[in-house]
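Just so it is clear, A, B, C, D and E label the chains in written order, and each chain counts residues from 1 on its own.
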Amino acid sequence: MAEQYPIIVLLVLLFGALFVGLAGMADRRVCFPLTMTALVLAVMVSVGILQRVISGGVIRYFVGGWSRPVGIGIELRIDTINALVLLTITTVGLLTALFSFRRVQEDKTEKTPLFYVLYLLLIMGLSGMVITGDAFNLYVLLEVSSLTSYALIAMGKSRRAAVAAFSYIIMGTIGASFYLLGVGYLYLRTGTLNMMEIHQAILALDGPSSTIVVAFVLILVGLMIKMAFFPLFGWLPNAYSYCPSSTSCVVAPLMTKVGVYVMVRMMLTVFGTEWVFENLQYTQWMVGIAVLAILAGSVMALAQVELKKMFCYLIVAEVGYMVGGAWMANHWGMVGTIYHIMGDAFMTLCMFLAAGIFVKQAGVVRIDQLDGMFRKMPWTMAGFVVGALAMIGIPPTCGFFSKLYLIRGGMESGHWGYVMALLISSLVNAVLFFRIFEIAYFGKKPAEGHGHHVDHSEESVIKEARPSALIPLLATAVIIVLLGLFNSNLVELIERSLQGSEVIGTRALSSKGGLG
Amino acid sequence: MPEVIQTYMPLWACLSALFAVVPIVLLRRETFLREGATFVAGFVMLGFVISMVPEVLAGKVLECTLIEITADVPIKFRVDGQGMLFALVASSLWIVTSLYSVGYMRGLKEHSQTRFFVFFAVSLTATMGVAFAGNLLTLYLFYEMLSLATWPLVTHHQDKEARGGGRKYLAYLLGTSVGFALPALIFCYVKASATGLEFSAAGFLASTGVEGSTALVLLLLFTFGFSKAGLMPFHSWLPGAMVAPTPVSALLHAVAVVKVGVFCIIRVFTGVFGLAFLKELDIAIVVSWIAAFTVITSSLIALTQDNLKRRLAFSTIGQLAYIILGVSLLEDRAVIGSMAHIAMHAVGKITLFMCAGAIFVATGKKYVSQMDGLGRKMPLTFVAFTIGALSVIGLPPTGGLISKFYLVTGAMDAGQPLLVTVFLVSTLLNAAYLLPVGYRAFFPRDRQLSSQPFSWKTTAEAPWAAVLPLCVTSILAIVLFVKPQLLLKLASLMVSDVG
Amino acid sequence: MSEITSQYLIDHFNFWVAVVLMMIGLYAMITKNNLIKKLIGMSIFQTAIILFYVSAGVKEGATIPILEHHVAETEQVEAGEHAEGHSTTKASSSHEVHAINPDDYSNPLPHVLMLTAIVVGVATLGVALAVSQVIYKNYGTLEEDEILAKIKAAENDG
Amino acid sequence: MIWQFDIIILIFLVITAVISLRVKDLLAASMVFGTYSFLICLLWAGMGAVDVAFTEATVGAGISAVILIATVYNTRRDSSD
Amino acid sequence: MKWVGLIAVIFTGGLLLSAMDDFPNWGDAHSPANASPVSQYYIEKTIEDSGVPNMVTAVLADYRGYDTMFETVVVLIAGIAIMAILRVMNGVPGGARPSPAHEIGDQHDIIIGTTCRLLIPVLQLFALYVIAHGHHSPGGGFQGGVILGASFILTAIAKGLDPALERLPEKRYVKLAFVGVVIYSGFGVACLLLGENFLDYGVLQVLLPTIDAAEARSHSMLGVEVGVAFTVSAIMFAIYANLASKGELEGGL
């Protein structure tokens, strides 16, 4: 059974969705347990996959058994990096599902089964994107995840949710179509859709081929729209801030990150870093735009008064981090990017979970409404503080270490502008979050608060979130710290994957060592 | 190489304060037990620290490696003379300050005392972590932790002023550490990750071929990055942070926070670059002059301050710059003087702060100009104040004399007569802003006040819990004059360690 | 006709038109004010991409990718015989008689891919139309500028 | 396939695409869009992609046009562009 | 916006055209795409592998059946999404403004009614033919499913939505849609349970001992096409029903 894990992780989610759809229509109460079962199983299977990959190397799974000649069937290909991202996705899915427990039931009772069907299919689409080894299959799964996320966003109660969803549909379709067109160009020149085969065909091409270059640019632009990279991020803030909390908690951490991951996959496996960095002289440009993305995201975040909007612009900045890191043509930049994909998923999750709790428990939408939150919901704030510290980059959270690796990459490859931008954005994050802390911490001064009798009155006003909301938040906070503490193990895995034969064509990443 | 002992003692010393958080939170209703927990933790920590003293004095180094947190660089604790001296000062003064804060907080019926004690304990953990940090990353980690843990203490009053002070505090500390120290740290990491960024007498940067302007920039990044040291122009958070309750000012802004800053800078000089390597590079003189400038300027500003705590804050800035100046001279005796001054100044300054707090608790007076004749009401406090002042100025019979003596002779060794003058001039200025406080208290200009006969019955001291600690520390200042050997031994250990 | 025209126009005329249609669709998606028009543009964009793919699979003189009946039958018989011999092996063996010439049939792969793309296109269109109906319900219009104006007005009010 | 025929359809395709985007009446636009789908379906049938053509005929010219018209019917028929 | 759009379009168009001279000639049988071993394999071996003359069906349902499964899921998602977005539930009124007066379809014409009565059975029969005959001629689950769905849509157009919903009520079409995907993935899981990879239909011959692997493939393909047709027909009708009635499933066009 173990060799079937790659497909089982998807099937568990798919059948979860189907059963929720069939059984949930009859009895709504089974939706949540079914969803949780499917996600728990998916997490367990992804852990199994990770273990197998670590011990046994790359897993190649040929759907339908069509293994020869390679490319007639669809291949699922899992190396260490995929397995890590897969685990991240399923874990985020599980945590958010738990968080959504009461919310969904209270929001739109009749539509609960529909929500869970879409939710599970979204997680399935994202997981499938990560593990597939076929360029066209990736498009299909991209559409699976896009369509579900359009629907989930449009389910928002806000009047503006539909408008946001519409512009997201337009942008998302342009992005996906560009990707499809890019794959078409690749197919035209290489005659195959299997990622590894495409790579071999590109290596075998005699002389430069403008088709391949255009294909790469198209795929890149398409993914840039999907991951909301500067200057194509206009759709993101509205889409993520007007949707229901339980949607934003899964869409915000995962969609952009998976976009970045697919870009990395394209660079590493499909086109190969040698081709990307040596044939195309885009490094300076891409890092330059990434710097702009970081700065723009940070500055826009400063200007926001709404909590979720602010986080959305921070996502834009974080995407800039990752794209810049990936494009530095540098070992540590790439390692930092991949590590940050995981770290940032949980950081963003933490932010949006906290924001969701604030909205739910206290009706907080704007930052200045947060006063006194430390007293009202100490545990929520504790989780939020951990996430915020990670966003700022305070050790020992994972945010610090990804910045460490990214800055190291920037220094080694001489991208000082990127290093500066990263530091400036850390400072901006510090300003942003301490502004929140300050408001949440001071609140309204207790009128005659003297002596320890205040301690009692403090507790009497506690309006803490329900456990189903609190547990995911605190679990996320713990994961953030654990990712930080065990970052060297993770980085070792990523490095092994990058340097070994798992990911082909990474020789162009300048090796470890002194400043370039 | 000194003998290395693997032990978890430094970790326990560090964590003992953190563990105290649990009983403090659990016992939040039972104030008495809650404060008891604080004391127990303090004594446990001091016990751990003292138990390591004999081994350190014997020239051994205690090490403990936790997890390898990033490629090549682990979280590591390492106890040497330098760290031991600092840990000793911090842990022993914590107990004193705890006692004092009990008196102070209760005297003023402050709110949110549990939170206060929790973050107090966390700060101490961070301070211990800095003292025992075995490499640059660990040092930075605990440095940031300290910044964050002290923020709720600084803003304890939760009013507009506290908010402003807290904002400034974080802006300066985080801004500089993320903006300057972090890039420098990562630069070191890029250059010398193979060495594990471990502090060593020869300096781990020495072998990496950093030189010229790069080295200077790096040194300045570190020096300004650890802006808890209050070197100008990044000093103004310190007076701003004086909005904190006085025990906080006392422990954190006379002992823990600022001393962590200078301690980090000393580590950078002695452990990251290495004194020999710095001499070779010939760049430390830049830092010397920045420090000298800070010494003189801050003393002059202190003269103009009427608010006692602000005056003491500026005095602190000057004294910290002394320490940095001393270490930047790169001479053995100057470095010993610097280390010793950390202790001497801590004892002296904490006395002064506690006196300022005691005066505030008893009379509600904050300004020097209001304190005419107070000496008759609070004789113990003002005697202690005077002793503390003498120690800070560097006059006998206090420990300050000894460290200043080492600093001045170190400056002479370095062949910098101008800097010797700086020391001397600033000593005069110190005297000019500190002595008048005690003088006016005992000999008010207003004849009517001074003509009243003194009697113990008319005294109105602060609660005993506030007065006792300041008496203890003032006596300690005198004891350190008589018996400075332990400190000097620890301080010179590190020089021999260095040399 | 000169060689250049032949190379750029005749040989690639399908691609030319596909690109022109894509650009028409893309332009409509970006600039049209009416949401329905945007969606029509989106559909045109997607069909143009499909046209592009299908054009890539065309072979001069080839027929549709369905085996003619008699060829199919003979093949089937042979395959059946073959399968009897090696009932479990799959397709990898060497088949001596190649009655099928690949050049006679269009490339089936792009067709398969495009079936998927068409279905994805209609799925997206349906969802987008549903969203635009909700927008109409909320704002009473489908013109982008009017919607934005109403949003702004609502923001200024509250 | 006769290439002249091919080219004529392609030219008609562009024309119908432009018309469906320029017509102000959304119902008419939907109709013209249906025509467009039908034309492109012819083209594919000509190119040998019979399955694609079949699907486009049912989905593009059929369902797409119908759901467009259904939406237009439920909202507004006129548009500003 | 116009200018931004124009610049983006010109830039993209230029980019797309810039690679044109690198393209293989139109209709070149030896272009990389057409001459690749993959497409050669499909043309040459389809019959041998499964005995299905229509290569497109074979590739769709067998070689790249994994894609097609998700394609079916996409259709399912579209239906579920439209219901999630638009469907008015809990009896809460939709709050939609009364739509402007329309002429279309207001009266149910006798001519249309009669035509439909004649047409719809033929249409449905044809749909079944298309589904079943996908192996040998153009068509298959998608096309047939759409036609089947279209027959219900035609009912709705001719007689109003309510009669159509009587024949295919909401509960039923939602169930059908899910069951379709269950059928498809069930075939895959059956292969999985019999010890082969997902969707490796060949192994299903053990269930019917009289057939060989190729026949098993052929029959399984028909099976999954039926699953596709279930989902597609149900969802096509669902999309229409929801869009035409603003999610209220009453009245309609």
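Rule of thumb we're sticking to: contacts are C-beta pairs under 8 Å (C-beta built on N, C-alpha and C of every residue); 3 or more make two chains touch, one makes a residue touch a chain.
On a predicted model such as this, the values are computed, not experimentally measured, just so you know.
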Common contacts of subunit D and subunit E?
C
Just tell me the minimum hop count from subunit B to subunit C, counting one hop per pair of touching chains.
2
By C-beta contact count, A-B versus C-E, the higher one is C-E
Averaging the CA atoms per chain, pick out the one whose centre lands closest to the mean of every protein CA shown.
A
Going by C-alpha centroids, which chain is farthest from subunit B? Tell me that one.
D
CA centroid of subunit B to CA centroid of subunit D, Å
79
Express in whole angstrom the distance between the two chain centres, defined as the mean CA positions of subunit A and subunit E.
31
Inter-chain centre distance, subunit C versus subunit D - centres from mean C-alpha coordinates, in Å:
14
With centres defined as the mean C-alpha position, give me the subunit B-subunit E separation in Å.
74
Which positions in subunit D are in touch with at least two other chains?
50-51, 55, 59, 63, 67, 70-71, 74-76
Tell me, which residues of subunit A touch at least two other chains?
65, 136, 140, 143, 147, 150-151, 154, 162, 165, 181, 187-188, 193
For subunit B, residues that touch 2 or more chains besides their own
none
Inter-chain touch pairs (all):
A-B, A-C, A-E, C-D, C-E, D-E
Can you name the residues of subunit D that touch subunit E in the complex?
50-51, 53-55, 58-59, 62-63, 66-67, 70-71, 73-77
Per the touch rule above, subunit E residues touching subunit D in the complex are 54, 56-57, 60, 96, 99-100, 102, 104-105, 130, 138-140, 142-143, 146-147, 149-150, 153, 157, 236, 239-240, 243-246, 253
Subunit C partner, complex, touching residues on subunit A are 65, 68, 136, 140, 143, 147, 150-151, 154, 159-160, 162-163, 165-166, 169-170, 173-174, 177, 180-181, 184, 187-188, 193
Touch list for subunit A against partner subunit B, complex
389, 392-396, 401, 404-405, 407-408, 411-412, 419, 423, 426-427, 430-431, 434, 438, 441-443, 445-446, 449-452, 454-456, 458, 484-488, 491-492, 495, 514-515
Residues of subunit C defined as touching subunit E within the complex:
7-8, 10-16, 19-20, 22-23, 26-27, 30-31, 55-62, 64-69, 72, 75-76, 78-80, 82-84, 87-88, 90-91, 95, 98, 100, 102-103, 105, 107-113, 115-116, 119-120, 122-124, 126-127, 129-131, 133-134, 136-137, 140
